[in-house]
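Next, two complexes with chain A in common: one pairs it with chain B, the other with chain C.
Right after this comes the complex of A and B.
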């Protein structure tokens, strides 16, 4: 029993349960309906951020192409369900596999570079995607956008709350899977690579193989996040997949905490949740359009300046503080 | 043939804008070790200042430009003093996120102060054009190209032949050693942010007549400036500038002779291929990493 309660997956499942209960709490009238939509947004961006954390946090490679692959996943899933009438499950699978293959191809080319060069190289790829999204009307609907429906499972149509629960389940599953391979030999290879590429190579770690693996994983998560975006928000515009979005995802990781799995959730709540849920409802700040945006910018700068390890560690730090006080007494 | 020269002229004009933006980003990268994503946002904000000054005070265009560049200078100093100087201990990725926070502040501030309506900024020289090689180039285009070249000439002279230029180069090559040698690196960094902000604003003002002054006006310029930096190489100040002109020229040629929809993707693809074979860019020294 103790083993089950204190297993390392407990926190993920607990988080999942809390999130999954939100629609019920909303129906009882404790929170606003729009809050559920905001939390859905938080969840799919967290999925993307967990993927990027594997790349940036664990492997130390920077990519600014996240938005491009997200967009590809969103449009593919929309196109396959709406235009070709494929079942939701098949199309979401394809919407993850195809961008991942594209990501591996991009990785094969761009992973020969490092650091900022890699970041800008992936930015160039994302920019190519964005330009094509605005031009390829048949696939993306151009500037008028692409409309998708809530997911359908074997003839059973989900409503918004069901989709929200589905997102939560996926998130928890992904967190457990990620936790698993990060604590396996793959994760150790990533971490070694991050500290020193030369040392990793000397230990017999195939650099290109593991770099490609991290890149492919990040792409797959981004594409999945994009597909979930398409089916939860149900509308995608080509201009939303820009550099700003990629930067927002990086911000999520840095604020939440690099090299953590819970960090992206915390960061996602700060970056995407706080402006919508808290700031826009405060008296003065919420009244002026854009003021919430400014406050979020200030908040991001303050967190990075004064809490550079990420907000996810705040609980342990507070605990430490109390323990220290107790021993002093 | 006249079309070709027409394309070359407009390519040079676009190239000047990209080059000014790229120069601003590379100066900050070399002195502060961070990629300034807020370059475009700061340029946009101060371009708004120039436009509003022009509309409300009815001053000549050059006065408005001067006002915009002065406020940009002040913005750069402010950003460095209040934020960047306190961020010396954080990692370079975290610093980039700070510049992202700066973007959010400026893009949030702009509509509150200047309204959400897109404004228009006039050309420096409203009319008149010069016929060269069968192609016509507007006086304004010529002026833009000349201003771009002049400012870059002055900056490169400053970097290579003055004491302060030496200080900038020393800080760029090794921040810690420079400080030990008595170089006031924090002054250098502050100056870099101020000058970069002014350059970004100039790029925005030169770009403004082609589009309207809006929150997203610098997005395209900024992406191209970043790509120019990688293409030109991070290790020199002149590499990105040359690359920016190459991008400006070949973008126009490819869009016209290649394909109007695939021109940019082809250009970016070619640059990516180039980076694969020369990861240090056009003019780049290889950095030997010691284990």
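Right after this comes the complex of A and C.
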């Protein structure tokens, strides 16, 4: 039993160790300082994507409101630490709880609809948030943006590298927690609902309860991702929280792999990492406007057509291929 | 066998627009009985099913059900997801299993109503959640052994032969400790050998799990072979009810299936 648990978490812990070592590798001069910032971005978007995967991947429900809830988390945490002077861990907790409650409220109304209508309903909510962010100066700083600081724990101020390690630890914890409940009666209820709502009801699964739970979870992860954004990038701007971002998060899980825990991090590296680290340094095409979007668009088409389960499965598929060849020989 | 009926339907009616899909239908199932509901295409069999399991709410009529605790209760108006808690569970024509989960996990879905631990305990793998999962995994393994597919326990449901999937769906219903299992065309898509095996299995389930079974079926051989009593309906109305021989001899039933004699 212990062995099984150990092997199930190993990949998450390994990923965490590799990520946590990056600042040290950077100090030794092997990678550029900006790469750490990019990877920080990858991590908090991965957190958001894991949440959306619970909703879209496991439960089969769609939301285009991700960015709105991210923004809410970012501004709340900024406001609570900067304007009210609350301790970091209290603000981040509130920055997750309040948007989640708002998410449950939105869910109660919008989850009566399905498919496209649900997508539009959640998009509408996010757009309302985005417009409010530009208008509500006292809370968001309006168009001039809101400035936050790196986290502070009991008077101890983190620098960028420590914040990066903190993000890594949170990511690994979230992956383990998510893996746990996805492989329990809760996760099975989500999956049953996705296959057939009728079958779920026949098995005694209360559709509204589990849809709300999935929606609340996705909101909580989005708000947490937003708050982490605020304290790592240290600046939030209303226009960041737009439909484009919500769609990029969808791209992350489609490219990385629906219904997987590792998929979102793989997808996040591809969607947010590759354009910033590799593409932007290429000669000529590196200067093309919106190159990242073109790259993601093309990649989505390729993945959906040729690799619909997501790129996270590449490793196991390659292994299988080798095994087959060996047996054939 | 007790005298109380496992299920007693009285004057059940439902209309869609002007069409009366089920019209004043009454029948009852005795405890421990295998009861068949037959009829030509469009007779309203599945609608009757959906009215019993509250996927549809009938316009009129009573669906009295003897719950697991022994009391008799009218199911009409109950929430669809609460029906299984009373001891009534159903299957679907087009097996609705989760392809990305293994057979054991698919069976475990059937125990959903028995799980007490929630999101929090499971997220942190608290001892109570772990114990509960283990307890039901053992129960599910026993069911897989009973079905004779325990060796495939950890294989994914996707890619399994249809016969195995049908068994898993049956096994899933057993996890909820039902008193009445409602099977929607269990033989659909099965070949002759598989159908025979299924007939045997349904009888075994009744003996081993002490429950009554109601089935809607097109495969006449299966129905005649395993049902204690049969109800034949056409256009939502009862044509005949009785033991298989009586149904086979009923002129009304023959007419409904084959048309009028010239």
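Here are some notes:
Methods note: the second predicted complex is superposed on the first by the 313 of 329 C-alpha atoms of A that agree within 3 Å, B and C clash if a C-alpha of one lies under 4 Å from a C-alpha of the other, contacts with A are read in each partner's own complex, and residues count from 1 in each chain.
Rule of thumb we're sticking to: a residue touches a chain if its C-beta (ideal position, glycine included) is under 8 Å from a C-beta of that chain, and two chains touch if they have at least 3 such contacts.
Note that the structure is predicted; figures quoted are calculated from it, not measured.
When both complexes are overlaid on chain A, the residue A:121 reaches chain B alone and has no touch with chain C.
By the touch criterion defined above, A:223 reaches neither chain B nor chain C. Touch criterion met: A:189 reaches chain C, while chain B stays clear of it.
In the superposition on chain A, contact is made by A:251 with chain B only, not with chain C.
Once the two complexes are laid over each other on the shared chain, residue contacts for A:265 go to neither chain B nor chain C. In the superposition on chain A, A:177 contacts chain C only, with no contact to chain B. Between chain B and chain C, B touches the greater number of residues of chain A.
Of the two partner chains placed around the shared chain by superposition, chain B and chain C are both touched by A:198.
In the superposed pair of complexes, A:305 makes contact with chain B only, with no contact to chain C.
By the touch criterion defined above, A:54 reaches neither chain B nor chain C. Across the superposed pair, chain B and chain C both touch chain A at residues 196, 198-199. On chain A, the positions that touch chain B within their shared complex are 56, 62, 109-110, 112-114, 116-117, 119-121, 123-125, 127-128, 131-132, 135, 196, 198-199, 242-244, 247-248, 250-251, 254-255, 288-294, 296-301, 304-305, 308.
Interface residues of chain B, counted against chain A in their complex, comprise 29, 35, 37, 83, 86-87, 89-91, 93-98, 100-105, 107-112, 116, 219, 222-223, 226-227, 229-230, 234, 261, 264-265, 268-269, 271-273, 275-276, 279, 281, 289, 291.
Against chain C, in their complex, chain A makes its touches with residues 177-178, 180-181, 184-186, 188-189, 191-192, 194-196, 198-207, 213, 259. Chain C makes touch with chain A in their complex at residues 53, 55, 79-85, 89-90, 92, 96-101, 105, 108-113, 115, 117-119, 122-125, 129, 133, 172, 176.
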